[in-house]
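Chain naming follows the written order as A, B, C and D, and within any one chain the residues start at number 1.
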Amino acid sequence: MTTIKDNDLQKLKQKVYQANLDLVKHRLVLFTWGNASAIDREKGLIVIKPSGVPYDKMKADDMVVVDLFGKVIEGKYNPSSDTATHIELYKAFCDIEGIAHTHSTYATAWAQAGKAIPLTGTTHADYFSQDIPCTPDMAQERIFKEYEKETGLIIVETFKDMNPIYTPGVLVKNHGSFTWGKDVKNAVENSVVMEEIAKMAFLSFSINSELTMNTLLAKKHFERKHGKQAYYGQKNI
Amino acid sequence: MTTIKDNDLQKLKQKVYQANLDLVKHRLVLFTWGNASAIDREKGLIVIKPSGVPYDKMKADDMVVVDLFGKVIEGKYNPSSDTATHIELYKAFCDIEGIAHTHSTYATAWAQAGKAIPLTGTTHADYFSQDIPCTPDMAQERIFKEYEKETGLIIVETFKDMNPIYTPGVLVKNHGSFTWGKDVKNAVENSVVMEEIAKMAFLSFSINSELTMNTLLAKKHFERKHGKQAYYGQKNI
Amino acid sequence: MTTIKDNDLQKLKQKVYQANLDLVKHRLVLFTWGNASAIDREKGLIVIKPSGVPYDKMKADDMVVVDLFGKVIEGKYNPSSDTATHIELYKAFCDIEGIAHTHSTYATAWAQAGKAIPLTGTTHADYFSQDIPCTPDMAQERIFKEYEKETGLIIVETFKDMNPIYTPGVLVKNHGSFTWGKDVKNAVENSVVMEEIAKMAFLSFSINSELTMNTLLAKKHFERKHGKQAYYGQKNI
Amino acid sequence: MTTIKDNDLQKLKQKVYQANLDLVKHRLVLFTWGNASAIDREKGLIVIKPSGVPYDKMKADDMVVVDLFGKVIEGKYNPSSDTATHIELYKAFCDIEGIAHTHSTYATAWAQAGKAIPLTGTTHADYFSQDIPCTPDMAQERIFKEYEKETGLIIVETFKDMNPIYTPGVLVKNHGSFTWGKDVKNAVENSVVMEEIAKMAFLSFSINSELTMNTLLAKKHFERKHGKQAYYGQKNI
């Protein structure tokens, strides 16, 4: 195993480490049930959380560097058991540079219910342009072959007619959520948002099972924050 | 852009800044999803949170001063993207001097359900004299013209037969809540109350979908705290 | 207004003050929506929270002393607006020496639903020997006469065939909860318990609307902690 | 009562003490509503929390040592009133060395509903290989004979065709949960997990009462973490 003392990678490790801690801070992860990663597109290298290491003992330097074939390039620990899923997403969605995975309570409840999180309000539309899809059941042979890789592939199949930038996250049936973004911080932010809109959608449907959402209002809100006409926020911060 | 080093405005900035932090402290705002403002009625100037600036970096001096036409009078940032909504409310409801906007979980759940928050108890009646209304769907041309201004106007239309002082808040359909009050602190307090009564109403209807509320009891409680016969609290604090 | 610098009363003020802070610490009270009191049975004097004074500014010495006619004996503030309710309870339930009142979320949800909190488990039975009753609607003339006193009387009427020691709390319809106990600390403890069992009963009925509770198991648990055969805990602490 | 100043037992007391504090830290226990114990299999001695002692005053040295007949061997307090239940579990499940008991909110809600917690996702399957069972109603003569011992026996009967290592926990009808593990820390971890999956299952069924779980996916996840083929985590930490 070669050791690369590369400045960019050290910075990326720090960001990935911080992102993993943020998942805990936002109460999206219990024990070690989650992981976040980032990719250095130029080098073709992924920095990811080690598998099953307690957060209170984990250091930035414990992050594991793997290549796009899953080979460990640097790090003393095994990478996250979900590494193969991250790899498939980075390979298929070329505009993303960060991924987060959680079993956060409300998002997971929708995943266990096997239902997409419906677009019910502008909070959702500010970040996700449409319903957040749920993958279908996985066939038996895929489960017992290369399960984590197949999880990535089934997500990619679910997005075959969707833009992953406009809908930066997915539910994996009976499992949990994956979110992504332009960097690992953005991926974590999208996990936080998904959990909150999963909770609000649950409550809204409990109040009114026949609620409606004006899709033009959703479009307006998404475009307020994204794309060329965006006018939310500041230009220079 | 002129710079006004006005003592009153500096104090108002401090209050608006504190009110915005209070929205976070009461867990009504995630990230930058909310805003609070106050008006100086004599000067005709509004102090409002800047758009999309993270709370942990925001300072009192970053609050933006705008006039009733939305023109920035003071401040280096863009004002909240919802500024035009605040302006319409200040123009129409002349007795209010503070406004808060949130996507708080339970209030937003009712807004997404497209339902008013029903008056179900004295906690509600202590602050809001009747059901908290929900605006109707907005027509397409209004969404794509001056959306934030139209949001203000549709709230004002919703209150055409209601007293905004006796019902100091509203749900905007599929969006979130606006509350107001005699000052910005009071507006934030009404947001806190709305979130709590939205949660309790949700639970109460889940327990008993045919619950009833004695409107005379509601009237009694509202009058215990408001109006000439009020006897709750102390006279001099 | 006479000033009694009585040692017992000073101690009682400290206990009542602490009990009011505990209501906030256990998240049963938002703003000033609650109150706790204690009685000195020998002196016939009640120590109660002042009305509407913010908790972060309140001191032990701000507690108000009233007699059983509601007359303020000591203290610079108005007593809680619910004082007359406390008085009726102390007059009718002679074995209690502390009372707490809250609008805690789940207990209030049941009160707004107009339903007793059903006995569904041993957590409930460890503290309350049967369903926690909900008062009936109050007649119009009672609401507009001496409302707070009538609230106390309607609670007493609700307990006409019940032992208030074995069921140390009640829901007031569309309002909130009152709990009591052998002292003010015990009254607050019963408020904490009521909120938790109100939440668990809500969830249990959502899972199984036809659930059953073995009343013999309830009897066993209540007697493990109360009465002559009690064997829970230690004898000397 | 003999006093054994045994090093192993002192260490076990420290672990049991810490485990009891962890139950509170994870918000599974209110007041003194829970307990944890560990067994020294060689000595045949159990270390358990004292009954009804407040957590903020409890010290490691207050843990009580009892033998498998329930006789107190060391300690100045009465042992937990549930000691006889722990003893029956240690006698019947010979591979476990730690037990925890709680009235945690969502697990207790399922217990009060009298329903097993259904296997609805991989979070559940990572720790519990199937539905978490709920004991049946206890017959009257068992309740009023040796209630706590009978509680242990009814759990053992519930597991007559199940492996307690693969399903390390149970709901006791109308009461709460017991979990166990290879040590007391692991038992507490399983209580934390049970509470979270109880919440997620509640939400999932509220969203979709006809949800399905692929049992092969559950098998895959359980085997990722348990048994010879396990590959989650690190080998040496």
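List of remarks:
The definition used in the following text is that contacts are C-beta pairs under 8 Å (C-beta built on N, C-alpha and C of every residue); 3 or more make two chains touch, one makes a residue touch a chain.
Since the model is a prediction, treat every value here as computed from it, not as a measurement.
Touching chain A and chain D together: no chain. Between chain A and chain B, two chains of identical sequence, the interface residue sets overlap only in part, with shared numbers making up under half of the total.
With centres set at the average Cα position, the gap from chain A to chain C is 47 Å. Distance between chain C and chain D, defined via averaged C-alpha coordinates, is recorded as 33 Å.
The set of chain D residues touching two or more other chains comprises 205-206. With chains as nodes and touching pairs as edges, the resulting graph is a single ring in which every chain has exactly two contacts.
Contact between chains, as defined at the top, is found for A-B, A-D, B-C, C-D.
Within the complex, the chain B residues that touch chain C are 120-123, 126, 189, 192-193, 196, 199-201, 203-208, 211-214, 216-217, 220, 224, 231-235, 237.
Interface residues of chain C, counted against chain B in their complex, comprise 30-33, 50-53, 77-78, 81, 103, 105-106, 108-115, 137-138, 140, 143-144, 147, 173-176, 202, 205-206.
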